[in-house]
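In the two complexes below, subunit A is the common chain; its partner is subunit B in one and subunit C in the other.
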Partner chain A sequence: MSGSGAGGDGAAAPRRRTVLLSGLAGAGAGVAAGVGGALAAERPAPSPDTRLAAGRASARAFRGTHQAGILEAPPAQAAFVAFDLHEQADGDAVRRLLTVWTDDIERLMAGRGTLTDLEPELAAVPASLTVTVGVGPRVVELAGAERPDWLAPLPAFPEIDALEDAWGEGDLLLQICAESPTTVAHAQRRLTTSVADLASVRWVQRGFREPFEGPGIPMRNLLGQVDGTVQPDVTGLDADLLWVGADGPAWLRGGSSVVVRRIGMRLDAWDRADRAARENAIGRRLDTGAPVTGGTLDSAADLEATDELGFHVIDDAAHMRRAHATAPHERFLRRPYSYDDGVEGGGMRTGLVFVAFQADPARQFVPVQRRLAQADLLNLWTVPVGSAVFAVLPGAGSGEVLGQAMFA
Partner chain B sequence: MHTTTSSATRRVALAAAAAMLTIGLAGCGSTSSEEPTDAGSAGSSAPLTLQDGWVKAVDDVPSPTSTSMSSAMPSSSASGSAGMDGSMPMTAMFGTLHNDTGSDITVTAGSSPVAGMVQLHETVKTDSGSMQMQEKPGGFVVPAGGDYTLEPGGDHVMLMDLSAPLANGSQTSVTLTTSAGEVTVTVPVRTFTGAEESYAPAPSAS
Partner chain C sequence: MSGSGAGGDGAAAPRRRTVLLSGLAGAGAGVAAGVGGALAAERPAPSPDTRLAAGRASARAFRGTHQAGILEAPPAQAAFVAFDLHEQADGDAVRRLLTVWTDDIERLMAGRGTLTDLEPELAAVPASLTVTVGVGPRVVELAGAERPDWLAPLPAFPEIDALEDAWGEGDLLLQICAESPTTVAHAQRRLTTSVADLASVRWVQRGFREPFEGPGIPMRNLLGQVDGTVQPDVTGLDADLLWVGADGPAWLRGGSSVVVRRIGMRLDAWDRADRAARENAIGRRLDTGAPVTGGTLDSAADLEATDELGFHVIDDAAHMRRAHATAPHERFLRRPYSYDDGVEGGGMRTGLVFVAFQADPARQFVPVQRRLAQADLLNLWTVPVGSAVFAVLPGAGSGEVLGQAMFA
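Entry: the complex of A and B
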């Protein structure tokens, strides 16, 4: 019945629209009048202020134990931006860069322009903006802090990797997420120019998620699969799978790590696979995301179930079986985004920016990735072309600068 | 004529500041926290404060012995101005002066440990129609309970004859002489590619 109110609004609105269009017709657009009238009758006029108010109201908190942009439901738009510090950078340069970013990010997330922003109007709609800062080994070393062993390139996965330097490791990472693409673009521009004398952009990976999927429903990737179904309970019992604790370097406690892998999709080959083959490749139904052994999206897969011929219902090389944690610590928080950068050159320009947060990628992520590299039907259609690992700084408390504990 | 131009500029600037404030309040869903580097200037008891203040970074200050223009001129556009003759490094401070008292406060002069000379500047249109900066007669009058905007292309505090580079992400301090006493503000330094306007008359060390 919630629709009746909207219908009431709409009943009045088309009349206004019709008058408006009639005016246009009078000005010489006579041919369009009939079409416009038909449109007006079936399309209620939106209230333009609703979206703006929602966008402005949705500012997320910057300061806290952890950085924003990890636990929140992922907004529809994202940019992952890797930077290289300039060659002559020293620890002081790192400290100054993080000072600038801390201030910039706090302002942008609150819907304000940065200090030097001559176009603060572009920041006025925070649209759930979060900016999350990661650092590579060079930053940690310049700051004089202890480098965790895992802060290094992932081991090679020669069975599948086709890594390109263009998408490789960097000194710094910004994960910029918001519901508005303009908000993401503006934050990216301001955060890039504000440190232009200290660091240069190495790569940018833009990503998107389906804006019309409901809360709590995992995203559907561009293979049509429901992606990111099984997640650890990182706000509850599994929190120590996400955040660096007492066994990690002191400067990183409350922080995390992020693996950013760019996974190209061979959509032309995927187009030749029928739906049964596609569902077999992952072990889940395409429509509901439920395991092919039955149930719903959240049902546990029956990895032992067999068909009448004695074969496993979930294929021995199905992505789901191979990715299934064989130990409780082989889990991590996935926060992927799709990308689709056109068809230039006929190569793979479509895929997934795979993003995983975990306390220790070597312990939690690598065993799973190794199994997938050795056997995973999905590898027929996916190719990793980029890979990078960053330490995710802890959150900044009141008056603190991001990463300041590195200098302690 | 200059008075007319500057008051018109100020009206526009204040309107913009008011608009920003409204947007900020509407959009701010989290607890507000002051820029930590503003702490020195945000004392509630100060009659005059600088909000969202910043100084444009200068990464290329030629040594006094350097007379070669070529050593001073290739500075990136992100650096502060090296001056019209390439030997007079200068920069500017921007932000919003806020008067917390019931009487107008006039800023009449300034000083800074990093600048040999500090001037209060306005931006005016010259006979040729271009915009130029010059010292503002009478200084900045911050109205009782009101704001006064210092911004690129408008009024600003000019720091001249710099003795050292001002690095992006660092801080510096500026002392303003006002009708309500001296006010020292600590301001963050930021890289900025704008504010490359010309200055006239050319500052001279004399």
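Entry: the complex of A and C
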């Protein structure tokens, strides 16, 4: 099974946030609970030395129906790396690249150096490392496989987009996630150098999440907003919202798609909005993430509730109302990371690497994004500066190479 | 005492690496042990929920003889932020800035938002946050205080330097360290915006350390090298190597100095050096960090040992030999962080933010750096691209403002 923990001990799944916090070796066992939200019984805490060993040893399984790095609770550190194939690349080059990466990734996720790795010590701490491979349209074309219609740049959202080429598209994507920044840096470097004769880095987006987030808080972004609150039940009833099924290209069954949008935050302007204005813009309370109509984080929002003047309590342009699915298929699995890059010469480069997985972005993601582009109070403080879509390859079974079905 | 844990519970100090790993609230209690290396008895591991709460609550003390962020075991995440005072700044502007920062830092380290903080939720996870303030010569001059001779740019090291203005000097420095990247980002932003009318960001250097490092390994940098092996006993016999004493300016007693050098790594070239060449260049084994003359990480190197041909076993230009103190005062406390910044347009920007604290950099640091510049095999693969020196203010006692003695 994809994402089951190689370091697991078969005991009951630990709580998701505990896993995130402590980097326990058994983390993978909690995957299903992590997304679905079901929490199993806790087990006694290990001793400090066990924790240390477990944190180092925490390895996730590479082989499976699906790639790792999608269902797991997102670790604290990530790098999203897009590559361009060299100009003269052909189908054989794609096959060689994916063969190299398959071997590299399997080794790195197990805490071993790659084949020619001269610093295997930097690989020895897998720390829940996952590496997830996506491909762009050129790769599919070179492999001679059927391109899904949605594997193309998203439609323009002229109301909001300020896209920069520097953060757009690419032939290949690596999503590298781990609890350790050193592990991410080393994996990124090895996976880049091992295919240097075939592809070059197009962009890198580093991201982070809060490792000490409180129970039930999925993620707090740098606006202070609780983010990624409502997720589909992708390990249960909504699995077909995540994985490409029988109606997709045969080579992509068990795969998915990923949308990576770099969303800058205008924090100087945000600083001039008080708490009431912020909560009105989001439609949720800043402290608990609960809808402004009351309840807790998980409560349904009362979109019809009105105040004494007859206005909606949740603003007609509140982010939450505009993002709310108007049909069951308008949902997708979000796995965002914050970014806060250094500056040269003043100012701040801060925002969110928005990451969404879904079977069909045109059908699931685009209608929601279109509503948000047309009206979303948060647009006053956010600017999309990058956008990319990739097909996420199915998992590699025993002896298989990632993406081999593209060549069938 | 500086660095004693506000969140501590009075129990025995946990082991340094356990603290780093788990972010326990009692972390501060282990500070002295962290640098000196003495390890106290372990206590039973807390339950997962206790760990979560403790990770969030972990707060270090702000008030004390020395500033926090020097003696503590370095947390996993850091930002080094240099500021330029605005052109028209005078002594009063400096005083106002330090007054604001004193209040901001005390609040943030305690897990509270700053005075005008609109997202105090992002401050609620102190995660061992420390903020350490340094000042450049212009600040000292504006305050009307005596400038120590060493508070100036380091002498040039023309053999190796490729310094860029973008990473050089500055009027003020904030060293912001925490186990949580969100905590660092929020503190950086609040401390930047709260003095925006007085000073502007000159540069930001983000860094990280391995949160799951093995017992006894101080730090592994992105060359794979065990770094920061031999440290002075700054909480014991070597305290005068760290803190400015009676022979320094009165306003700086209990303070220190910090050298921040940004050292790029030529990893493409490093990839072409095999393990033997690397160990020869460093003078230490890559796996354990022990001297190549044998023993363990903590063993003394046998600088006189020769091989069967009569050559030194530790190369005459090995980094370790050249860095070795030739006099007792040629030592300083190192607290380096790795960096691996994203790229726009290919290539990699990877290296080390070298950070050294000492009472007198001209006397302690410069002779070592001069030897390394003249001959150090590692210079083949490393390039200093930034250099800065700051005076580290003494700690603020109860009711005091950081740096107030400058105005005495």
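Simple rule for what comes next: the second predicted complex is superposed on the first by the 347 of 408 C-alpha atoms of A that agree within 3 Å, B and C clash if a C-alpha of one lies under 4 Å from a C-alpha of the other, contacts with A are read in each partner's own complex, and residues count from 1 in each chain.
The definition used in the following text is that contacts are C-beta pairs under 8 Å (C-beta built on N, C-alpha and C of every residue); 3 or more make two chains touch, one makes a residue touch a chain.
The shown structure was predicted, so the numbers you read here are calculated from the model rather than taken from an experiment.
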*Could you look at A:F62 and tell me whether it touches subunit B, subunit C, both or neither (first, second, both, neither)?*
first
*Using the superposition on chain A described above, determine whether A:L118 touches subunit B (first), subunit C (second), both, or neither.*
both
*Touching partner for A:R266 - first (subunit B), second (subunit C), both, neither*: neither
*Please work out whether A:H329 is in contact with subunit B alone, subunit C alone, both, or neither, and reply first, second, both or neither.*
neither
*Between subunit B (first) and subunit C (second), which does A:S398 come into contact with in this model arrangement: first, second, both, or neither?*
first
_Touched subunit A residues, subunit B compared with subunit C_ = C
_If we overlay the two complexes on their shared chain A, which of subunit B and subunit C does A:T193 touch? Say first, second, both or neither._
both
*Common ground on subunit A, meaning residues reached by subunit C in one complex and by subunit B in the other*: 56, 118, 121, 125, 193
*Which bits of subunit B are touching subunit A when the two form their complex?*
20, 23-24, 26-33, 35-37, 39, 52, 54, 57, 59, 76, 78-79, 152, 167-170, 188, 190-194
_Give the list of subunit A residues in touch with subunit B in this complex._
56-63, 92, 95-100, 103, 106, 109-113, 115-116, 118, 120-121, 124-126, 193-198, 398-401
*asked:* Can you tell me which positions in subunit C touch subunit A when the two form their complex?
replied: 14-15, 17-18, 21-23, 42, 44-49, 51-52, 55-56, 76-77, 79, 118-119, 121-122, 125, 127, 166, 179-186, 188-189, 192-193, 200-206, 208-215, 220, 222-224, 267-268, 271, 273-275, 278, 286-287, 338, 340-348, 350
